[in-house]
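Report on the structure given below.
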């Protein structure tokens, strides 16, 4: 996906069962590839993917918003563009904004940039149209050519690209939620080849504890919330070798998991009662599930996803285990490679773990809820300028998730990466990895 | 509009400032005009207007829903079609529904026809697309040719056409609300010629009271809620000769109308506080208003619209008058012709009253709140069959409005016509006519 | 109760199973009886009953408020006192209010008298104490001696006494609701002798229709909402000879009454789903009910009470009948005497209808929901002064009930009396009388 | 209370400015001192204080509940009693519960002990009465004499006493909230001698960081959430020498603290807007505040209390500082003595800091919000049995507070003590201590 030229040669066309990310992007990226500026080349790659992701969606699909936490596709496309315009282009003398009104419409939550439009009402923005937003993107992309050559903007551009990647993931989780609200339950992608297998046996991988380095240091991009790097003391612990499977989660359900308060945090129990949870989100009657590829039978060997933190913690309590802390997770994850089932696989659903020595599925497939609240690291300093509002102001009431998912763009994730959602959130590809004291 | 052949010749093209309802409808209606069946001819006229009304709207515009009481344009287009399919075509042996799923999606509230889709979530139905719904309409329209020749369906077809006309009005009030929610405040129609004038002086037209006949009898179509006709005793009263103007309403506002509880019903006062009402809906700062033709200066001489019953009653109390009962209104209205500013004028906003002897603006321009709760008439019987749910089950918690508005299709309104909305409703073209005891 | 000396002789002591209204009231009323002023004598009678009603309640009982629509006992005691103080005593030069703060605490909804205390928070007023409120009552009662001799206050005093009687009824319905919220389900009164009998067969009493006089005229006290008297044309109709019994209502329930939307008004159906209604309020599992005399078996022959208008209308639809209009009810009721099971019987629950010719239970036992919205009569004028807010501002969103109940003070009710509650209200003693077209 | 005759002679009346926590408690404990069992002696001391605290309150005062998070006084008195009965006495063969129904009424949240009564409705329990609950307490206290001699119950008894002490603090914060809801704003305690002074200058006390031991080990009682003890690595930091004063907080307010989103966490800003916060809870117009001793002028030199975590964090951001982590706080606090302004001082409000070398006000006066979410310590294990629900199930969505307050019973607090409340909570005596990186 991100490297379509490679892919085109690397994959026999006949086996391509998921052709949606094709066509025009190829040509536009070819034009981009001839561009001499590596930053703009990267810029064009990332930006191009957003448009590819929107391609299977009609104008109406791109307009709907199924809940306040989700945004319409075209809002994602416009907001990420506004981010570049407002953070970078606005600093360039003579730059003329595409439309003065967009500041009001496509600001997400940067109060320093004015009063954002009501979040829950983004789905009412039938105007500007999908095609106007496409024109907006092209307008800004053109202007960014120049910006990409100015070193002073490099950091902000890289931030903007990482920001856009985050929205690429959200675009997919949000349209999944919107399609699920429609009784027709449309599929976003074409049917996925589906074959049952058995998940490898669960093993426990030991960490001996002691002082470990946590957080990002020197090399490459990181968000402010991953810094500064710090030393942390760990007790010995063990991590499960793979994610919890649907079959394992079914055993919890069949053992009364959703009816037995003793496994649940108090708030979680109350919410599960109110919302009448009896299974993960997107599970349907008759052991079928709704996926981005449509409705299909539940595969007991694939990882369970779309569980809240509350459900993850209840499952862990039922299993006699616990969730890892984010430090434990990172201590383990930083020892291995960042490989996994990411968005570039075109399989928009977690897959069966591979039989492997040691830890599987540390990256990709499913975000892993940790037993760590999203607090600042010692010595944490937010980005400066408008970007100061990026992470810090959300450091309350949320839990840390690690590892990325099947819809995380490849190259976006790191061992130090801290994602965060409220403990009630279920619409992300969030799953469970267990831990235990050693 | 409803008689495009007349209009085409009757109006010089050069003065047409509102060309949206043109084009393909003309040709399709020509095809229809050649049709020999008068009922189907009428069917085609009414059905054609719905599509004309949707024409200025993009696919995205047709998908949005700005509040639970409003529906997306394309939902209106599909629901009215479903009404014919479910009420009539489903009775015809061998008729194959266009799509079995539509029963779930486009049933509004007919519980006898299955569980309707959640009303507040209609805006999430990005699928079926606008073009699929167009195909649905054509499919049903074709099937209805035959049905129109079967006398047993005649009454239901006429009901369906009146039903569709109601949704034509709602289509416009709903898209107005949706566009207002968008900070861009798009215009539905092209700019309306706008010229200030003076409203004629308010006069009081006397009715001597006594026994009057109320409700519909023999001739022509009427909804069940207008029947049976009954004799009612009235006290002598006087009715204002025209609607309350924006200028008169401004005087109420400037006299503290929204801050003085003594004018308000208790529930109205509470709601006005909660919702922080300080003016009618769609009034903007700087004495401008949002209309279906875009934002323009407030015209003090045109009728005030988009007031709730609470505001209408408060205004009347402030003015030392009262609202008429629905019986008083009907007793007066049944003495005059059904003429006024309706949808076919292409002016989607109420206009200045004409200087006239007697009562002006009894029909068209603005629905007139009455001081009558929407109770059944003595001896009321609902329609039979599925249509039994049409009116009767809403006879609680609503107030009667009379007279139609500037977006009511011509020919749809009658002196006996009872519209009804909760006292809090503001998004309809609802205005005020005063009354007093004689 | 109201005439304790009569009652003492009229009833053999041995059968008195409900001794709560005894004792000190006797002596205080004896003191009052020697008072030479007939208005003050009446004043003392009515005021004394309020205190008698509070007697079985502890200080804590008198403080609780179980929902915003209900008020604590001591608030009723204080508010009715404040009504006399604010409406009458405040006009007397030199009168010094008992406590300046009470204006803020005990104003119910008279916005012209200042900002009332938040209705839903009345249960938080642990101070002033029950004994301070008793002192307040005595202080005002003393001052009222003089006021009762001033003819100019006579009308307001009579209004105040009728107002206090309304609160006497509410005191009982509100404490019933509060006690029901307590899992201990305390009884207010002592155990009631309970004997099953059979309700007389339901008959249909005919009215020939035509012009009837509705509303109060010359003689005696009436609320503003009962006036002016008007002529109304009625169609012929029949009224059921007695109230619907619990047994009849059980048949509705057993026939799926609460699961079949075809019987229900739309709003009623929605509310019944949301609130999960499956029976009238205060019905308990195992065919028992909670009464002011404690929990006891359901008596199928006694009138059903504590149903909302929605349930009453659904029952009527199920029975193939309808509810009477308030005009029909009054036309019938004004032909008979105002007798029935009222508060003075000390039986705080509706009783089995007596076998009788003609209409039974027109007064007392249970308020009867009518199919009439609470709209103003033609020519309606509110009281003047502060009392203007008494009735008129509530003329929206409510249905009229007629006839009084088993907890209505004797002498308080009239054929023209219009009570009103929202269609959702269930905590009053509200029951069902059927009607049908003749 | 328990032995009032002793009290009258034991204390000179003239010096009693706030007699409620005096005397009787002293005397009752003297009576208890003669008891030979040291555990029961302690039991009687703690239990006696609860009754002393209730003494200034009428039966009505003890019944009110001003919000779901607060409980009525008498509920606190009963629930703490139920805790002993259910956790301990129920294990003793032959023990007969005081009232079987109390299990339903006075269980707070122990789902393993049955379904608790609805939390928000505790204020509706007018029955059982205050005197019945007093009898309940005596009944259980008698039965506990025996239990105190059985070593197997010792741990649970000590837990029950610490539990009761927590409710003693809540009893006071809850009645403060209830009285504040009453426009009369009653005082709980007698007027407090009040003298302005100047707070000592703020100094910064350095900690050099490194490995520190955190959490409780061997000696004495601790809650499960303080364990197990662990080693934590700290960066060097500095702690403010005293709490933030009202005067300092006023400067924040005057600098637009409540209007400038840049200081606020996102959730905090949203809540502050919704709730229209402009000052700490209990601040009144005219720089006065409501205290348990009544309304009095704001003292700028006393610590600010009744701020939420959001306000504490916003203040810290405005001041260019931050809140300490709970580890930083404990590392400092464990170096000093546990002294401060506690409940036994009878001054139910925080006091001016004393001029001192080093850290002042680490204990007492005000709970100190930390920048630490309430997560479990590594290796955390809940208590066993019913008490398992004591702490662990609340470890989500809450922030840790440290140090105790002016209404914390003396002897209840420890350096390792972890209190916790949601970041929105304001009705506790919660204040601010600043920290900074060194």
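We just call them A, B, C and D in the order they show up, numbering each chain from 1.
The rule we apply is simple: contacts are C-beta pairs under 8 Å (C-beta built on N, C-alpha and C of every residue); 3 or more make two chains touch, one makes a residue touch a chain.
Please read all numbers here as calculations on a predicted model, not as lab measurements.
Asker: Could you tell me which chains are in contact with chain A and with chain D alike?
Answerer: Both-contact set = empty.
Asker: From the centre of chain C, which chain's CA centre is farthest?
Answerer: A
Asker: Could you grab the centroid distance between chain C and chain D? Build each centroid from C-alpha atoms only and quote it in angstrom.
Answerer: Result: the chain centres lie 46 Å from each other.
Asker: Counting in whole Å, what is the centre-to-centre distance of chain B and chain C, each centre being its mean C-alpha position?
Answerer: Those two chain centres are 41 Å apart.
Asker: I'd like the Å distance between the centres of chain A and chain C, where a centre is the mean of that chain's Cα atoms.
Answerer: About 60 Å separates the centre of chain A from that of chain C.
Asker: Which residues does chain A have that touch at least 2 chains other than itself?
Answerer: none
Asker: So in the complex, which bits of chain C are touching chain B?
Answerer: Interface residues on the chain C side: 109, 111-112, 211, 230-235, 261-262, 264-269, 309-310, 313, 325, 371-376, 378-379, 388, 393-397, 399, 423, 437.
Asker: Residues of chain C touching chain D in their complex?
Answerer: 58-64, 66, 101, 104-105, 117, 121, 123-130, 178, 181-184, 186
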